[in-house]
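Structures follow.
Below are two complexes that have chain A in common, paired first with chain B and then with chain C.
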Partner chain A sequence: MKKRLYLELENCIGCRSCLAACTQCGGHEQRNRNYVYDVNPFVNRQTMPLMCLHCVNPACARSCPAQAIQIHETGAVLSALVEKCIGCQNCTIACPYGIPKFDTEQNLMYKCDMCIDRSKDGIPPMCASVCPSNTIQWLSDEEIEAKQRQFNLNNGKWVTSMPYLEGETNVKVNLPGILQGVTKLF
Partner chain B sequence: MQTNMSSQAKSGRSINDAFASHFAKSVFLTIVGLAVLTFIGTRMFTHIDLNLYGYMVGTIVFIGGFFYRFIAWGERPPTKNIIKKGLKLLFRRNTAKTAFNHLAIFDFIRNRGVYRWIQHILIGWGCVLACLVTFPLVFGWMYFTMEENGYYTIVLFGMNVMKVNAEGVIAFFSYNALNIAAVMVIAGVCMALYRRLKNMQARAEQTFIYDFLPLYMLLFVSITGLLLTFMNIVMHGHGQPIMSLIHQFSVIVTLIYLPFGKLAHIPFRPMSVLARNYREHYGEQSMKECKVCGDKFVSIEQSNDVIQVLGINDIEFEMKEGFHLAELCLPCRRKYRISRFSGFPTHQIKVKEANQNAKG
Partner chain C sequence: MQRDKFFKEIENVRHPNETLIKTHCAYCGMQCGMNLRVNTQTNKIVGVEPRYDWPVNVGKMCPKGVTAYQQTNHDDRILKPLIRDDASLKGTTKGFREASWDEAYDLVASKFKELQDQYGKDSLSVFSGVSMTNEKCYLTGKFARVAMQTRYIDYNGRFCMSSAAGGFLRSFGVDRGSTLPWTDIHETDCLFIAGSNTAECHPTSMFRVWHVQERGGYLIVADPRETPIARRADVHLDLRPGTDLALANGILNLLIQNGYADEEFVNDHTNGFEETKELVKEFTPEYTSELTGVSPEKIIRAAEIYGKAPNAIVMFARGIEQQHKGVDNVSAYTNMALVTGKIGRPKAGVATFTGQGNGQGGREHGQKSDLLPGYRKLTNPKHVEEVCQVWGITPEEMPQPGVSAYEMFELMEEKTIRGLYLLCSNPAVSAPNQNFVRKALKGLDFMVCSDFYLSESAEYADVILPSVTWSEDEGTVTNLEGRIIKINKAQEPIGESKPDWQIQVELAEKLGRGKYFSHLKTASDVADEFRLASKGGYADYYGATWDKIDKQDGVFWPCRDENDPGTPHMFLDKKFYHPDGKAKICALPYRPPAEEPNEEYPLRLTTGRVVFHYLSGNQTRRIQFLRDMCPEPYVEVHPETAAKYHIEHEERVRLFSRRGEAVYKVKITEAIRKDTVFVPYHFGHEQSINLLTIPALDPISRMPEFKACAAQIEKLEMKKVQ
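After this line comes the complex of A and B, so read on.
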C-alpha cells in the first residue's frame, strides 16, 4: 500500500532527531537535508520541522536547465543527479520553501530525496523512522483520512497542504491542535 | 553550436530560410565543416583510409543524435536562458580557468570523492586521447607516411608536421596511444564497476540499463581494441579482419548511443562553465536584496530569470505581502513558510536561524 509522509507540525519538540537521522541515510554523505525552526524564539519553545514537500508540480525541477532533478514514480522529487547538475542554483531560487542546499566545492545541489532507496520499497524515510513525537509520520491515504475524522476538523481548518501551500504536494501537512485551540495529550 | 544559438532569423530573405529549422541548419553546417576539414586533411581526398569508413558513418549518425538531443534540451526555457546568456559571456577572463577546472581536471568531482575522481580522470582522459587519435585518422586529418630511411612523417591537415624515428619514443607513443587509452579506460571502468557492485548506496539507486550499459560498452570498445593490437603482434594478424569489424561495430554503437544515455553528461558538461560565467557576471553587476532581511543572496538577473521561467510553467509565487518567493533569501523563505503554518510572523523576527546542521 502506498504510504506518504505526513507532518503534524505542532507535535515537534525540537529534538532534531530528524536532522541527525537524515545524515545517516545512504547517499546523504553525513549531511542533513531538512530543517527545524523556532516559531517564536524569544517567547516560547515551539518548533516545527521543514523539509521538501515533494511538490506535484515541482518548481525546482521546472527551473533546472540540466534536467538534473528527476521525479520518481513514487512521486518523490529526487536530489540532483550528480552527473547532470551544472551548479547554476536555479532550483534553490525557485523552490517556494527554500529547501535545496548547494555545495559550492562540489558544484552540486542536494536536497531531500525522501530516502528513495528506502521509500521506494515502502520503508519510511529516516526522519519518519526516528521522530519520537509523532510529528513526522509515514501513513497511507486511508490513515490520513482517519486522522482527519479523528480530529473532527470539519471546520475547514484541516490544513493538509492546500490552500496553505503554493501547490499540491505529496507530503501532507497538518496542524490540528493549533488551529482548533485544542491541547493535545502527547 | 554557435550557429544554432544565434538569434532568430529575421523574416525576409535570410540564409536561414534555406533550412527547415535551426536544427537542420546546425547539422548541415557541422557536416559541411567535417567535409571541408576532411577535404583539406586528405589532400583532396587522396589519402582516405577506406577501412575506416564505418567510423565515418557512425560519427555522422552521432552528430545527428547529439544535435537532436541538444536542441530538444535547449528549447526548455531555463536551459535556453543559460545557454544564450552563458555564450554571450564566453569571453570573460575567468572562462579559461573555469573550463580548465571543470573540463580538464574535474576539480568538483575530486571534491565529491577521490575514488570517483580517479575513475573519471582515467575514463575521461582515456576517451579523449582515443578520440584525438581516432577522429583525425578516420577523417584523414592525420596520417603517417614512411620513407626508406626509417623515419615516419606525421601529416596533419595535409602539412608535414614532423619526422620521427620509427624506433623512437614519439613514434612508440603514437602507435600505442590507442593501447594506452584502452588500458586507462579499462582501469577506470573496472573501478566504476567495482564501486557499483560494492557500494550499498550505488546498489540501491542504480538501474542496469542506465548505469551499467555505458560501462559495459566502454569495456567492449577498449577490449576489442586491445585485442586488435594483440592479434597484430602475437598472432601475426590472424583473425585481425574479423576483430576489426567487431571493434568498429562496438565503437559505432557506442557513438550512436552516447547522446541518449548516461554518457550524454560528457558532451553536456561544458554547460557548467556557462552556468558559472552567468552567475559570476551577473553577480558582479547587481545583487538582489532579500525582501525581508536585505541580505544579498543572488544576482538580480537570475532572480528575474527564475521568476520568468516559473511563470512560463504557470507557477506564480506572488505573496499577498507583495513579494515573489524567489525574492526572499533561503532562510527567510523557510521562516516565511513556518509563519504561514503557524500564523505567527516568524520571518519578521530579527534573529539568525538556529543551527540547521546536525553535526553541530
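After this line comes the complex of A and C, so read on.
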C-alpha cells in the first residue's frame, strides 16, 4: 500500500529529532536536509518542521538546466545527481519553500530525497520514524482521508493545506489549528 | 507482544556490512527501544536504526536518543586509568598521567586502607548514580558495604526521584513510578500533568499525550512556564514555583465539595479521608489563587474536568518533586486519584516521569543510604538478615544507614568523610549550592572517580578509572513504567575501559574482600545474585530472567517467580501495600518555598532541562548535533520583567542569589511568569546554575529545592550610544 509523508504542524514540540535522524538514513552523509522553525519565539513555543513537499510538478526540477534533479517512480523528488549538477543554484531560488541546500565545497545541491532507500520499500523515512510528537507521519491515502474527515471545522472550512499549498504536492500538510474541530468527550 | 494503535509492522533497513543490536537508549527513564548499527568488519557502532516493534516508543526517539550512539567511540573517551600525583591541581583537568590498572588499583587500595586505619571505616564514601544497569546499581551497594565496609553510600537519585519514592511509599506503601503501563496513556480521558516539561524531558510520551486531545480528551498542565506541552493544554495552571501543595489541596477541596469523591472506594480502600477533607477546606479557589498566582477560574475548571473524567491519569515530575516539600507534593497530587477512586484500573492511575534511565531500578536495590536490595530497609533486622545470607556476611558486619547525597558533602567539609569513590554521577554540576560542594570535593584526602569522559567532577579526582558506555556492557534497567528491560552489548569496550561491576570485583580483591566478589565473572553472574537478593522484597525481581524479558518485551515488577508474568497494572485488586491493604489519603498543611522573594532578591529562580541535553550534560555536551542546538545556558525572562531591568534579548546579565552568581544570555519569552526566571542546569564550571540553587532539603526524601529560590538580575552592559 502506497504511503505518503503527512505533516500535522500543530503537534510539533521543537525537539529537532527529525534533523538529527535525517543523517541516519545511510545515503545522507551526515548532513540533514530539513528545517525546524520557531514560529513566534518571543511569544510562545510553537515550532514547525519544513521539509521538501515533493511537488507533483516540482519547480526545482523544472528550473534545473542540467536535468540533475530526477523524480523517482514513487513521486519522490531526488537530490541532485553528482555527475549532472553544475552548481548553478537555480533550484534553491525556484523552490517556493526554500528547500534545496547547497554545498559550496562540493559545488552540489542536496535536498530531502524522502530517504528513498527506505521509502521505495514502504519503510518510513527517518524523520517520520523518530518524530516523538507524531508531527511527521507516514500514512496511506485512506488514513490521510480519515484525518481530513476528523479535522473538519465547525465552520465548514478545512484547517488544512489539503489538497495542496502552491502546486499539488505528494506530502500532505495540516496547518496549526486542527484541534478546533474536535468534539470533546464530555 | 503488546500492540496498540500506534504499532506498525515495519521491517528494519539493513545496510551492507552491518548488523543491528536491539537495545535501549542511554538516557532518560523512557528507555526508548533502539537498534544500534554495528559494522561487521570493524565491530564498531556506526549508527542507529529505529526499533519499531518496541511497544513503548514504537521507533520514536528524541534527538538525544538518535545521537546517543556517538558516545561510544567518541574522541573524549578515557582509554586508560589516570593518576594525578600533584594534589594541588585538583579542580582542574591538569596533571593526570596514564597508568596501568594494577597501579591504579594498588593506589586506591592503599589510600583507602590508610584512611580507614587512621580515621575508621566510615571515613570512606561512595557516591553513585542510576544511569546504569540494575546489576551495577546492586553491586555498588554491596561493594560499599562489603568491600569498603562503610556506611556512607548514597546516589544522585536524591536529586532526582527520591521525593516520588517517599510520596508513593507514604500514599501506597510501595514505590513503583507508574501504576500503569505507558500504553494506557493515550486511551485515558484526562491527563493532569504537574511539573513535567514532558515534551522536552520525555519527548516520546508526546504522541500519546496529543492523542488524548485528538480523541476529545483533556490535557491539564501545571507549570510556571508555558512549556511546549502547556502550549496546547486545555487548562494551563501557571503557578508560582514552589506552590504546588496549595494547588493540589485547592483542587482536592473542589473535588470533594463538588461531589466527585468516590465514597465507596474511599471507605473500603483508604485511610485519612476525613482529616484531609477538613484540612483542605481552607483552600478555597480564592485562597488557592492567592498562594499560587493561578486564577480561581482556571483552578475551578481544572477540578471540574478531572472530576468529570471517566478515566484520568495524574502525572508529575521533578517540577513538583525537587522542592523541600517534594514528598508532600507527590502525596497531595496522588490524593486526587485516591479520593476520586481513579486508580487501580486500566487507563486511570498515577505516574511520575522517571528522570534517569534506571531511576526506578537504581533506587530499589541498595544504593540509597538506608536501603538494601529488593527495597529492603537497613533498619529492619529481618531485612538485614535476608541480605546477609546472600552476601555471606553476618548482620554485625552490615554497616549502619548513612546520610543523603547532599549531606555527604557536608560530612566531607567537616572531615568526617575523607575519601570518595564516585561513579556514574557528576555532582560538581548537578548538586545544589556548588560553591560549597566544590570546596568539599577539593578538600578530600583522596578521591577516585570512574567515568568514561573526564567530567567536571572527575577534575577533583586523584585517580580516574575508565568505565564503559552503556553500549559496551549488558544488563537490565527498569524504565519509568516499572518495566524491567534488557540493555544489550553492541561492541567490546574500547581502550582499556571496563564495566563498573568488573572494576568493583577486581578492586574488592585488592581490598582483601575478594571472596565475596570473585564468583562474579560476567554481568549475568551479577544478575543472578541480584535477582536472588531482591527475592521476597517489595521490588521482587526474582522471576525477571533475561530470557523472560526478551520473550515478553520486558517484565513489570513485582515478578516473584518463573511462572509470574509480572504486574503491568498495580492495585487491580484494590489492595495497596500498607499492612492493612489500604492506601493513605494525606492531610498536608501548606508550606511556602524555603526562600521567598524579597526586595533584595525579588525574582523566583527555577531550573530544568532542555530537550537537547541530559542531566549534567557530561555526555550530551560532547555530541556535536546537541551542542550545536544548545551550546550554552541562558536565562528565560518575561518581556515585561526584562523591560523593568532594561535588558534585551541576547544581552548578557549577572544572575545571583544568596549563594552564588553566574552570567547568562537573556532569552526573552512571554511563555514564562513575570515573577519567575528559568535557567537550564546542564552546564558546568562558571555556567552552572547550581551555583545559585538552595540546599533546602525535604525532611523525608532529602531532596534539595532545585525548583525554587530567590534571585536577582543585574545589568552588565551599558547600552551603546548611537
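Heads up, the rule we're going with is that the second predicted complex is superposed on the first by the 165 of 186 C-alpha atoms of A that agree within 3 Å, B and C clash if a C-alpha of one lies under 4 Å from a C-alpha of the other, contacts with A are read in each partner's own complex, and residues count from 1 in each chain.
Note that in this section contacts are C-beta pairs under 8 Å (C-beta built on N, C-alpha and C of every residue); 3 or more make two chains touch, one makes a residue touch a chain.
These numbers were taken from a predicted model, which means no experiment stands behind them.
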Subject >> Comparing the two partners chain B and chain C, which touches a greater set of residues in chain A >> reply: B
Subject >> Touched partner set for A:Glu83, first chain B, second chain C, both or neither >> reply: first
Original post:
Of the two partner chains, chain B (first) and chain C (second), which one does A:Gln67 touch, if any: first, second, both, or neither?
Top reply: first
**OP:** Identify the partner contact of A:Gln148: answer first if only chain B is touched, second if only chain C is, both if each is, neither if none is.
**Re:** neither
**OP:** Report for A:Glu105: first if it touches chain B alone, second if chain C alone, otherwise both or neither.
**Re:** first
**OP:** Name the contact category of A:Leu9: first (chain B only), second (chain C only), both, or neither.
**Re:** first
**OP:** Tell me which partner A:Asn134 touches in the superposition: chain B (first), chain C (second), both or neither.
**Re:** second
**OP:** Classify the contacts of A:Tyr35 with the two partner chains as first (chain B alone), second (chain C alone), both, or neither.
**Re:** first
Original post:
Where does A:Leu175 make contact in the superposed view: on chain B (first), on chain C (second), on both, or on neither?
Top reply: first
Subject >> Contact residues of chain A, present in both the chain B and the chain C interface >> reply: 16, 19-20, 26, 41-42, 46, 117
Original post:
chain A touches which residues of chain B in the complex?
Top reply: 73, 76, 78-79, 81-83, 102, 108, 111-112, 200-201, 204-205, 262, 265, 268-269, 271-272, 274-276, 278-279, 298, 302-303, 305-306, 309-310, 313, 315, 317, 325-326, 328-335, 337-338, 340-344, 346, 349, 351, 353-354, 356-359
Original post:
Within the complex, which stretch of chain A touches chain B?
Top reply: 9, 16, 19-20, 22-23, 26-27, 30-32, 35-42, 46, 48, 50, 57, 59, 62-67, 82-84, 86-90, 92-99, 103, 105-108, 116-117, 159, 164-167, 173, 175, 178
Subject >> Of chain C, residues touching chain A in the complex >> reply: 10-13, 15, 47-50, 52, 57, 59-63, 65-67, 189, 199-200, 203-207, 210-211, 213-218, 226-229, 231-232, 308-310, 611-612, 625, 629, 639, 649, 668-671
Subject >> Contact set on chain A toward chain C in their complex >> reply: 10-11, 13-17, 19-21, 24-26, 41-47, 117-118, 121, 123-124, 126, 129-134, 150, 179, 182-186
